[in-house]
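What follows is a pair of complexes built around chain A, which joins chain B in one and chain C in the other.
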Partner chain A sequence: MQDVQLRSPVIRTLNGLQTFLLIVIILAPITWMVLSSFKSRVDVTRIPPAFLFTPTLDNYRELFIRSDFLHNTLNSFIVAGGSTLLGLLLAIPAAFAISWHRFTWPATVTLFARLAPGTLFLLPWFLMFSEMRLTGTHFVLILTHAVITMPVALWTLLPYFDGFPRELVESAQMDGCRSGDLLVRIVLPVIMPGVVVATILSFVFSWNYFLFALILSGNNTKTAVVASFNFIGEGVTNWGALMAAATVIALPPLILTFIIQRRLVAGLSMGAVKG
Partner chain B sequence: MRQGTRVAWRSFSQLWQGYLMPLNADAPQGGQSAMSVRWMVWPAVLFTVLLVVFPFAYTAVLSTQDFVFGQDRKFAGLDNYKRMFTDPEYANAFRLTFLFFFLSLILQLVLGTWLAFAVNRVTWFKGLIRTVLISPFMLPPVVIGMMAIVILDPSLGVANYLLGQAGIAPRLFLAHPEWAIGTFVLIDAWQQTPFVALIVLGGLQSLPGRVFEAAEVDGAYGWRRLFYITLPLLGPTLVTAAVLRSVDLLRFFDIIYITTRGGPGNASTTLNILAYNRGFEFLDIGYASAIMISISVVVLGSVLTFARLRRAVAW
Partner chain C sequence: MTAVSVRNAVKSYGMTKVIHDISLDVNPGEFLVFVGPSGCGKSTLLRMIAGLESFESGTISIDDEVVNQKPARDRDIAMVFQEYALYPHMSVEKNMGFGLKMRGVPKHQIASRVGEAARILQIEPLLARRPRELSGGQRQRVAMGRAIVRNPKVFLFDEPLSNLDAKLRIDMRTEIKRLHQQLGATMVYVTHDQVEAMTMADRIVVLNHGRIEQIGAPRDLYRNPTSRFVAGFIGSPTINFIKCSVEQGALILPSGHRMALVGASLENGAVELGIRPEHLKERQGGVAAVVELVEPLGADTLVTFRLDSTAIMARLPGDVLPRPGETLNIGFDLADALFFNPSNGQRVGPVS
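For the complex of A and B:
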């Protein structure tokens, strides 16, 4: 879309400046978080705030050596990894079938999970899983986080399955390929880019999710987002450790975002924008 | 399924297809194929029924009970719902939820559209800008909450220092009873506006160029073009962004829980926080369930409202 106003170099410069300012506003808090995580206890609460300081790794040492945070990070990887796998195992065949037969109700069913507030499931889950003595296990966290990952994966994958040429499936089927093999050997390799986006989105959403683990995790299975909550309320003195924890938690989502940003944007809006 | 249920179901599912994606709409017709892979949806459906639909129904049942954890359950009919309508705390939470919802939605749509227009005209560093725009959205709300604690601290935070440099008196931010919700609006705007901008940007870039050429010939420039041509054409995109944001705004929980826990007093106790506190602090499970059901009704209601709007702005 060619913009008329762009013909004036003054306006072009002003627009560039405005965009730059907005980008700075977006990046400033993230930068401040990372900077604060390398500050000493004195520097982190200094007034006026210290923009230049001698960096220290004390906060990370406190985090990983003097607290259980490494263990919690590991828990986060187990839960996010497990629920991503479970979500994909459920979503891939479902998305294939939904796309192939063009029936929509199963996709709609999964939307309930996307729509309902997390607290809604939490009470019955808590009652059910307490009864089954499952609370505090990795299993229950993986299972409940899959409620987040499965719809995300399903809706991300649908456009990719829809774009798959039907003739390929039909000819393979005539060659005597069974539907399970067909999905794994013929369809999946072609839509691998979609699977990658679905995997990364699922992983990040599960990694970020706070509420379920807050109630359903035990001391040994606390995820990083829930454990970092412990650093809050210990007072101002621990801001450094708090920001170090925040940086560690923010790192996997940010790295994954950088890797696949282009496809991610398309996947996130789920084909919402068709013009 | 009975006829009525089926009709309701179909309209619900059509509504979502219309909005979130052109589900299967463009796929070529290939009905002659005999292969059936219908069975492949069952694991996902079964999973959803067990972990989502059944708990939802269970919550609905709990909401009709007088059930405080550790005490006897009693059937209470609609008592919990009656209590909701006379509970001043519920009224307060309802007001706060909608205040937060409307302020956030408007702010994010306006700023997001502005940001999208600005970015759309920039020709350099496109990939980099897109990465920056998506970053806040991918961060865990917990991290946003922790950043808010440190940056917005009334006495030691960098925000008040910068305001001071600009000659503005220090603010209490989240610690101020009347400003707490407003601060959450700003925090969520920081995280989500770039996401809205990306959606609008997608819409902007797929607008038909011919319309603009014709507009130019007719002498429609600047503001006139913006309000009579570009924005109306962006209508469906904006509604889509509004739906995606509404669903999340009405469930906004993590950041409040981490920073103020609903305080000071109950100045930021939204419906979600109230339901959580009732359920997991007071163990008043019956009443908490009723509140949660009411939130779900609100979410569904807003989605259906937007569905009508979407049809109205379609072109």
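For the complex of A and C:
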């Protein structure tokens, strides 16, 4: 059916046009961001915008030499990495149990937590963590970002656990496995593609999350996303540096997305059962 | 001593009772087969023995020890699954040795036992491969090898041949039987295929709607089924059932033929006659029946007759090749006939 449609030249042209439009809409702002990051202060605010300009690394120098942005990026890695790890540690056993017992309400509860606006948590958390003198630590950011990463990991992993053949679990039980062994030695190796996807999605979501870090981080623990706002001043905005920061921030998710694409295709469970 | 003993086991899924008060014993070294149509509870019963399925009441013992509270991993049993259930990320060798590794058996012992099992099953060249690189038959061999290396008290097989093609199924059938003779181990085997049950079993348990219909040696079930269900389930091609009546010591066939019931005491009234295709013969003075369908098998010919409204199949010698529409005279010996109560399906009359 699809073949028949594709054969018509009109449909094919329209299809191509549609794809082209989408790509332009998606790529235009990203291209603009990257280009602007290499523009001088004068070029970046020129109206009408200049498409031809002399590229400069000034903005990146501003970012990494004159400000603490490298440190902020490191903070982002610590927070996103830590909260991803914590999220996975909680989500993997939870997803296994939910899937095995076909017991979905706990998963739904985590979804509510994820769908609720972050501001809902923020005020009580701020008061609570201030009392505990924990605000400004990496620990508090990792802990709060787990609210983002845990549901993401759980919901990403659930279909992988659901697709895991039950006989394999039973076979491992007969072979003498307790639940811990079962998870580590049998289930996780087989659903590794799912764990990779969950890890990357969690990392990206945590990396990009702004609100919790804005309120709960201190000067030393400020993440890159929060720090990039330093370039928006009252009245003056350092557009070049801001765009450079945005480019740096966008890089890890971009790279990880490329990795995900390949891993998604893997079909590791082939041959476990018939077929 | 019994290898496995089930006493008054009851199991339900929600409101539906799937195992109704079942009791049975498996003797040490016996090959016992659970057979029945789908949904009869045979797999559930096997899984209860394995410890993979909980149940409401009754006891299950292995080697005279009640194992109700023991998880599957502590029951010292091995199971071969229909879907093979091999670990996809491990080589054949690792798959087979995994159960021993989990039980802390030293490495050199694992290697020698895996080697031995691989030799028995002739899968030595496959040891380094992953399951996805194996054919269905090879996978099932590995699954069996995984059970063998454990040297368990009881082997459980859950329809292990159902996913294989017909030819391979027959080969593996022979192989499992040979394996049983070689190992002398206790095996409980579930199948819906009565030919598998007949060819492999020392004793067969016929299950229907979660109840035991009959337990016995294959020949027993074939000769002396206690119910219409067992008679219909065991034997291929399927037994013919003909609604007849009994009048003053004679059997009246639907065609009007009378056969004197010598030595058989049947009450007057309706009765269902069961006669196996191989017991129908072409003979003088038999019932004239019109040939409807002829299926030559070489050694035998399967001939379907139309007798009033009933289709009846006969297994006749291979050189008998009638044409559809022809009329043959067919008959049978009374000694081969089985009689059933048409209202409850229970066997009536003489039991040979």
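Criterion: the second predicted complex is superposed on the first by the 247 of 275 C-alpha atoms of A that agree within 3 Å, B and C clash if a C-alpha of one lies under 4 Å from a C-alpha of the other, contacts with A are read in each partner's own complex, and residues count from 1 in each chain.
To be clear about the criterion, contacts are C-beta pairs under 8 Å (C-beta built on N, C-alpha and C of every residue); 3 or more make two chains touch, one makes a residue touch a chain.
A quick note: this is a predicted structure, and the numbers were derived from the prediction, not measured.
Visitor: For A:255, select first, second, both or neither according to whether it touches chain B, chain C, the two together, or no partner.
Guide: After superposition on chain A, A:255 lies in contact with neither partner.
Visitor: Please work out whether A:154 is in contact with chain B alone, chain C alone, both, or neither, and reply first, second, both or neither.
Guide: first
Visitor: Scan A:52 for contacts with chain B and chain C and give back first, second, both or neither.
Guide: neither
Visitor: Once the shared chain is lined up, is A:65 touching chain B (first), chain C (second), both, or neither of them?
Guide: neither
Visitor: Quick check for you: in the superposed arrangement, does A:176 touch first (chain B), second (chain C), both or neither?
Guide: After superposing on A, A:176 lies in contact with chain C but is clear of chain B.
Visitor: If you stack the two complexes on chain A, which partner ends up touching A:10: first (chain B), second (chain C), both, or neither?
Guide: neither
Visitor: Looking only at chain A, is it chain B or chain C that touches more of its residues?
Guide: In the superposed model, B touches more residues of chain A.
Visitor: Would you please give the residues of chain A that touch chain B in one complex and also touch chain C in the other complex?
Guide: The answer is residues 170, 173, 268-274 of chain A.
Visitor: Which stretch or stretches of chain A touch chain B in the complex?
Guide: The contact residues of chain A facing chain B are 1-6, 12, 15-16, 18-19, 22-23, 25-27, 29-30, 32-33, 36, 45, 47-49, 89-91, 93-94, 96-128, 143-144, 146-147, 150, 154-155, 158-159, 162, 166, 169-170, 173, 179, 183, 204, 207-211, 215, 225, 228-229, 231-232, 236, 239, 242-243, 245-246, 249-250, 253-254, 256-258, 261-262, 264-266, 268-275.
Visitor: How about chain A: which of its residues touch chain C in the complex?
Guide: 165, 167-168, 170-178, 181, 186, 189-190, 268-274
Visitor: Could you pull out which chain C residues touch chain A in their complex?
Guide: Per the touch definition, chain C meets chain A at residues 50-52, 71-73, 77-79, 81-89, 98-99, 102-103, 130-134, 136, 139, 146, 150, 163.
Visitor: Which stretch or stretches of chain B touch chain A in the complex?
Guide: 9, 12-14, 16-17, 19-24, 26-28, 30, 33, 35-41, 43-45, 47-49, 51-56, 58-59, 62, 115, 118-122, 124, 127, 129-143, 146-147, 149-151, 153, 155-156, 158, 161, 190, 194-195, 198-199, 202-209, 212, 216, 221-222, 225, 236-237, 240-241, 244, 247, 250-251, 253-254, 257-258, 272, 275-276, 279-280, 285, 288-289, 292-293, 295-296, 299-300, 303
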